[in-house]
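This report refers to the structure that appears directly beneath it.
First chain written, first letter: the chains are A, B, C, D and E, and each begins at residue 1.
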Amino acid sequence: MIDFVSGLPILSLITFTPLAGAVLIAFLPRERLNWIRWAALGTALIAWAFSLLLLTSFDPGAAGFQFGEVADWVPAFGIQYKLGVDGISLALVVLTTTLTWISILASFGPIKERVKEYMISFLILEVGMTGVFLALDMFLFYIFWELVLIPMYLIIGIWGGANRIYATIKFVLYTLVGSLLMLVAILAMAYTYQAHTGTWVGAFDYLTLHDFGFDPTLQFFAFAAFFLAFAIKVPMFPFHTWLPDAHVEAPTAGSVILAGVLLKLGGYGLLRFAVPLFPDAAHDWAPLVIVLSLIGIVYGAIVALVQPDLKKLVAYSSVSHMGFVTLGIFVFTEQGLHGALIQMIAHGILTGGLFLLVGVIYERTHDRTIAKMGGLAGRLPVYSAILGFFVLGSLGLPGLAGFIGEFVTIIGAFDFYPWVAAIAALAMMLGAAYLLFMYQRVVFGDLSDFLKGIGHHLTDLNRTEIVTLAPLVVLATGFGVFPGLLLQLWQTPVTEFVARLVPAALAFP
Amino acid sequence: MPTGVLADLALPPFVPFLNWAWDDLLFLLLAGIMLAAAVFVVVGRNIVRSGVAMMLCFAALAGIYVLAGAVIVAAAQVLIYIGAISILVLFAIMLTQSKSGPLSLVFHRQAWAGLLAAIGVALLLILSVVNTEWPLAVADRLWSVTDEVALLLFTDALYVFALQVIAVLLTAAVIGGVFIAKREESADPGEPAAATLERQPRPADAGVGGGEA
Amino acid sequence: MTTDQIFVTLLLALPLSGFALTALVGRRLHTRAWMIAVPVLIATWAIAMYLVYQTLFLHAFGDEGLHFTLYKWVPAGNFSIDFNFAVDALTAVVLIVVTSIGMLVHVYSIGYMAHDPGRWRFFAYLNLFMFSMLLLVLADNFMLLFAAWELVGLSSYLLIGFWYNRKSAALAAKKAFIVNRVGDFGFALGIAAVWTTVGTLNFTTTEAGPGVFQLLPQALESGAIAPWMMTGIALLLFMGAMGKSAQFPLHVWLPDAMEGPTPVSALIHAATMVNAGVYFVARANPIFAQTPDAMSLVAAVGIFTAILAASIALTQRDIKRVLAYSTLSQLGYMFAGLGVGAFAAAIFHLMTHGFFKGLLFLGSGSVIHAVHEEQDMNKMGGLWRKIPITHWTMLIGSIAIAGIPPLAGFFSKDEILASAYKNGFQTVWTIGVIVAVMTGLYMFRLMGKTFYGESHVDPHIEPKIHESPRSMTVPLILLAIPSVLLGLVIGWPPESGLLHQWLAPVFEHATETLELHEAPFVFAGIDATLLFIGAAAAALGVSFGIWFFGLFGFTQRQVTVERLTDTFRPLYTASFHKWWFDELNDLIFVRFGGFVARALWWFDVRVVDGTVNGIAALTQSTGRGIRQIQTGHVQNYALGIAAGLLVIAITYIFVVAR
Amino acid sequence: MISVDAHTILALLPPVGVALLALIVVVVDMYRPGRDRLLVGIAVGGLALLMALVVVIGPLPGLGLLTGAQEVFDGAYVRDSLTALVDLLLMAIALLTILFGPDYLRPRGLPAAEFAAMLLFAITGGMLIAGAHDLIVLFLALELLVLPGYLLAGYAKRDGLSTEGAIKYFLLGSFSSAIFLFGLVLTFGYIGTTNIGEIASSISATLGANGFKSLSPALLMGLALLTTGAAFKIAAVPFHYWTPDAYQGSPTPVTGYLSVGPKVAAFALILRLFVDALGGLKADWTPFIVVLAALTMTLGNLVAVGQDNIKRMLAYSSIAHTGYILVGLAAFGAAPVGSLAEQAGLQAVLFYSVAYSFMNLGAFAVVAALQRRPGVTSQLATFAGLGRRAPLLAALMLLFLLSLTGIPPLAGFWAKWYVIQSALQVGGWLTLLAVLTVLNAAAAAFYYLRVAVYMYMREPADSAPAVELGGQTRIGLGLAALGTVAIGLVPPVTIAVITMAQQAAQALL
Amino acid sequence: MSHSLDAYLILSALLFGVGTFGFLARRNAIAMLMSIELMLNGVNLAAVAFGAFTPELQAHAALIALIVMAVAAAEATVGLAIVIAIYRNRRTPLVDEYSSMRE
């Protein structure tokens, strides 16, 4: 424990440092691209450093939330500015801060237009994402949740590809439908609380509501609303179709954050809010959610097999991988949850890396069509090797983080119901199939004519790109070999989570 | 017995042959004139004649007001409606050079639907008033209370207040009306030479142009 | 940590660091890229031998062997998996094969890969493979073993696809990985089932707590799980073994894997990795022993693979493919051995086969090298004088694999067949004997077509043929020695040789459970008869081979072969086309699977996304529709208001007030 | 006899002051014609002064010389918290409109004097509506509100569209006035009074004991006529037809005013009529409000989706917002008598009106600023590339649009928040209405974001003229933005508005 | 008949209805304006009728009628001003030709 951290509003610092940076950048002259870039990177690095500081001071053994910060906000409704961190949110916060600076760094080259707006958007995006993970007040949570939307809307819409407007509007509308219904549910929840206790105090407080115990009808509908919001974000089948579009059109860094953090918001929401607040409803809904997760896992993988576009392939692979997250959460076993969590982190790291790599090749060739690629191994050996690393990580190679996520989830799912695990495990085969198929076509063979036409622009990774990728490689390996680093971080909340839910454990069929 | 205005006249109590009260006859007569004139107002092809018919209608209505004992209202009706509003309307007709024309110019294509709707509204109104027991109403109508009206107008706070509001209203209407109706001597700078009309939909790429203000 | 524990750790750390170093700096070493990898491997081999010595000869770790935990790997609540190792007799035996052949292949590769610009990658991958393989052998729990299992798959993938600009290599690598994944799918589920049932994944009982091999039989006994569940678990686990050891129907990847450099074929696809399945089933013998149904299935799959592969091997023209199918066939033997309960015999065959098949592959590599990367046997012939060391060592290997006494193959193979017969699997035995005949035939077909008779080598290459460098021939010679002697040294007398003594504690319980009453081998009666039949079958096969394809100066009977081929044309075609398994797979997975995937994609775009877009479009078109009521005509608007008034009034008066 | 005491003067001072201000403007213009800046100064200064005066007079929460409702003129006019709130709001609306109006009018050769005078007269009417406690006063005030409105709509008298909008507005408005008037007379004839308090007590005492069932057909007819008239004024579907045409045709600043001023006043009218006078019958009129609300928001949004003219789009959007506000009224109606939810509903109506005024006026102010140069159309294409051409203006537009969408933590979000919350407090059918509201809000995001798409994601036309902002427009925009942000984000402001709305709601009950 | 409230009210309703019809059916702006005047007169008639039959309301009703007249005058002023303005632009008094803005 470092003592001085306990005196700092460290969570607010992490959350709002990027905002300060955004304000700073707003005052920088538009033409000074490098000032803007470095200011953004510096801000993100400071936020990252704060998050690491938090990590060092965090006590994984302690129950409940730590480093809490509370201030009244709208006392009329008992709305508070309330932040707190437990192992689960801590891991995701650090993932967020890490991926943010990587993304910003990765944008140095590709983003040449309206750099100022871009960096501001990105930093505000970070505020929203971090805030979602730290908020302990339903209202505050909702604010941060929506705050994420606008910067992402701009990032896709302004700096995206040809069909970006369709993609970004689809993204926003889809997300908005879910989140607005969630708002209704939050309000209904708060009102029910108020009607029962006669006071608004605590009506939005997560911890209070957590122990309140809502009646079944409310649980049913509120869960439905929460679930919809989060399922869209995750995204679960059949609410996933915004994802391929958004990914294909988003700029590289946007894709990285989208896949790396934004999807996690959904998973986090499910396990932090939807399930603990409405345990009975969650229990009733679980079979449906599990079935959808399984469909997502298999379906996403199969559809990924025939994608002609690299980004679409990775996008559909996200659908498949995130299926493990929802599956893990809703089997209500300790292993399932552990698996889901580590899968979230792993997916963030690995898919983030894949998108960075796709971005690298896109920047050089202005194309992502798999069929036009081929033979990169000879020309871009480092690139190919690192792509191979992420492909293997993504298909769940032991030793890398993705394996732990999938395997532990399968264990948890098997504990719940063997056939569920069996179907989920199909992803092992299908994942290998589509990823290796892609890898083979892109990397192996002779250099394609299209790539030959690129000429000397087709260069291997430069130093910046390696700097952006190296941390991801290290993390993916580190968490694959020492998953305990993560697992022990969130052991306490996971235990609490499972204790609240007694699953209807089915025996061996 | 005839009451009201007709009470002073030495008339037989009932209309000969019809056995109606005189004021009933008068009422029917006026009502008939009024309705006929009103119908003419709305169906007449020549709008100038419509205007004149409207004056007739208002005049007949003034008579009915008298019958109903509201002499002051009748007087106001003559002054305001016949004297002011109708003349205003006629002026407007002249100014806009509205002429008579074929029916297609008079009535909108959906006039039949308008007729149905109007009949519906009228029917509903009639049905509802007929089927209503008016709790405050007395059996027979009362005689004029002109002085009371005057007294009320200047003593009842409500009407004093209303009068002030009407004053403001008329002021505003006059100031605005004059502005809108008055012809500009010359086009001001920046004004498009001739106001052009903008039709929807317009090509999406038209960034500039058109006369829409 | 004790010294032995450090050694075990080093056993893994050395090749891993070798991999890392070579990957990082190997490129700058140019032709000396081997300079990290090979010494590392030699050191590894030395340590392994030390451990083998400790385990097998000094019995230093007792019957249970050495168990220790490096750190807690996956502490996911009560799913708590250690990074732990075990060195017992079984491990030690396999270590001998793995490290010895591994070391020799490394040395061999110095010469073989000398002219390949990618050699640094090659050595890096080889070291990675050795690390994975050693981890697989040393792992003391299912999950760690599974991890290693996948890692060897990865190394195999990398090495098969080593010549990445060859499309066939890339495809073969992908195929190998994916087919293995099919097996791993079952394996993973099996592991999940094990954990769900007993709550641990540790193999054996240690201080840390009871292991699976103790708990599962207990659970069965106590009725906590039904027998069919036990069978289910065993079969799921066996699925993994089938994938890795290329058993029917997951055998399709192995022949294609010959796209890799020949040393890889020798090391991974003949001597070590493909044996992992055998090793694992032997390791899991306490589970399999509980479920006779599963055992029978293992035996059936094994022996079917044996004859299937042998039948294909008879007609292949590519020298490495013949060896590949031969490997399949021999692996089939091993599984047959496992299935009939002859665990030790299977491991015995694993050992001997490792050596002689490694030898054969390296030899074939030497041949291919000599004829300038030509693999078609129809373009060889008469090479025995030009590359004598290669020829002689390969001849030894061939005799060994054919099962001619007293070479190694004879002992191991016949032990399996004899056990099959004695344990009541007469069918297995019968087929096994037929396969033995076929083995002799296809091996000597290979020898004949390659080394004897007239030369069909390209005349341009013919004069350039020369024996391989010493770094290649020395390993051949070193491998030839155990191919000859190993059987006699550790396999005699049958069923109670040195190997059996070593492995007895490992398979003790299984043998008891299966109630195999081991009558000691006597050189008479049924034992001798079986021994004789085995030897005779081998001799018959070899004779046919020599008869048809020659030996040294004996002439080949081309005409006879052709007549024979014509007579059995349908059979020949089937064999030549490998019974159309690739075509079948192509149909099912590539074509049908592709169709399904495309259909789902269509579904995704048109139906799922179509619904989303449809809702949006519907909203827009509804909006466009409703817009029409805004006609721009005041009268229309007024009519609308009047209609609204009517509706409200009528509802007020006639509905609400009613 | 009439007694004019200090309280009467205090109570009437604000509307009288505004009317006088209008006259002052006219008179000053007579003697110093064309001095727009002076006029604007007078009007703005006067309004600011009067706003301060309202604050001084009260009754506002914890403020004002008047502490409770002050009835004057025998109860014909009442100054309570509702009056004070609406007064303030209308004056703020007028102030903003006068600020950004002249910059638009001047280049078109239109005088500021009549504009300001009409505007001030109109809001005098609106302010009188807010305090009207007698149907006659209500009607007169309504006429005072709308007659200058018709004139303002046709203010650009040489422009075909402006006059077209004006005549449509006028004809339909007069039609509806006649309808309203008939309803008034029928009510008068039946109940025998026009005083709202007396009507209310009469209804609650005897007539409305059994709801509509106990009413005579004539009174029901009267109510139907009143409902229609009122629904017309707030532009609820199906009485909304005039809105798009009038809004589109009017000079843009006028459109801005029309979209908020008359709407706020009309809602004050609805509150006085339906809550104050007919509150006792609410069980029977509530279903109609529910249907109206549902129809209004849905139709408004559906039709707005396809619009290419931003003024027309915002017109439909304003229809949709009317629907949202009606949800608050419906919540009041459906809530049990005397419950907190009743108050919450009214509070929501008022809060929404406040928030809506600022953001909608702001949006129109941006449009007006863009159209400063005559000839610039209000087609969406005008906005193309605004993010580059005028970043600040674009950012403000984005702010207003986001607020209209209901993105937290802007004012519009809180507005929706209250509306939904009040609906949820009641539960039952109102929950469905709340859900419909948020679905509508999501659909609305589509067209609001479309503007953002044009601003940020489309390239400007080459001929796009530079955008210059007038000084007054700047101030106006700044104030509107300040309101939009502060109501949402600055707790004291939020609380102040909430409390005002709350007290106003209490005053009505 | 003239002694019955209903008679007056029916008459008022008829006048209102005729006005409504005119408003809905006529194309000329001024004719529509006149129709509105008819409607307002219908309302006035109703007000006067109530006054005539209700002692307490008699004077009030008359005042209401007067007020309505004043409002009608103001409306007419404004309306005619607008009609004149649009006539200047469009050269037609036919309202349904003012449909530049729709949908």
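For the reader, a short list of remarks on this structure follows.
We adopt the following convention: a residue touches a chain if its C-beta (ideal position, glycine included) is under 8 Å from a C-beta of that chain, and two chains touch if they have at least 3 such contacts.
Bear in mind the structure is a predicted one, so any value in this text is a computation, not a measurement.
The set of chains touching chain C and also touching chain E is given as B, D. Note on connectivity: the fewest chain-to-chain touch steps from chain A to chain E number 2.
Hopping across touching chains, the smallest step count from chain B to chain E is 1.
Across every pairing of chains, the maximum count of C-beta contacts belongs to B-E. If each chain is reduced to the average of its C-alpha atoms, the one that sits nearest the average of all protein C-alpha atoms is A.
Put simply, the chain farthest from chain E by mean CA position is C.
When you average the Cα atoms of each chain and compare centres, the chain farthest from chain A turns out to be B. Note: centroid distance chain A to chain D, computed from Cα atoms, is 43 Å.
Chain geometry summary: the mean Cα position of chain C and that of chain D are 78 Å apart.
Rounded to whole angstrom units, the spacing between the C-alpha centres of chain A and chain C is 37. Our note on geometry: chain B versus chain D, Cα centroid distance of 30 Å, whole angstroms. Shared interface positions of chain A, defined as residues touching 2 or more other chains, are 173. Residue positions of chain E touching 2 or more other chains, listed in rising order: 16, 19-20, 23-27, 29, 32-33, 49-50, 54, 56-57, 60-61, 67, 71, 74-75, 78, 81-83, 85, 88-89, 95-96, 98-103. Among all residues of chain B, those that touch two or more other chains are 108, 110, 113-114, 117-118, 121, 124-125, 128-129, 134, 136, 162, 166, 169, 172-173, 176-177, 180, 195, 197-198, 200-201. Pairwise chain contacts present here: A-C, A-D, B-C, B-D, B-E, C-D, C-E, D-E [touch as defined].
Listing the residues of chain B that touch chain C in their complex gives 108, 110, 113-114, 117-118, 120-121, 124, 128. The touching residues of chain C, when paired with chain E in their complex, are 627-628, 630-635, 638-639, 642. Residues of chain E that touch chain D in their complex: 16, 19, 23, 29, 32-33, 36, 39-40, 42-43, 46-47, 49-50, 54, 56-57, 60-61, 64, 67-68, 71, 74-75, 78-79, 81-83, 85-86, 88-90, 95, 98-103. Against chain B, the residues of chain C that register as touching in their complex are 633, 635-636, 638-639, 642-643, 645-646, 649-650, 653.
Every residue of chain B that touches chain D in the complex is listed here, in rising order: 124-125, 127-129, 131-136, 155-158, 160-162, 165-166, 168-169, 171-173, 175-177, 179-180, 184, 187-192, 195-198, 200-202, 204-213.
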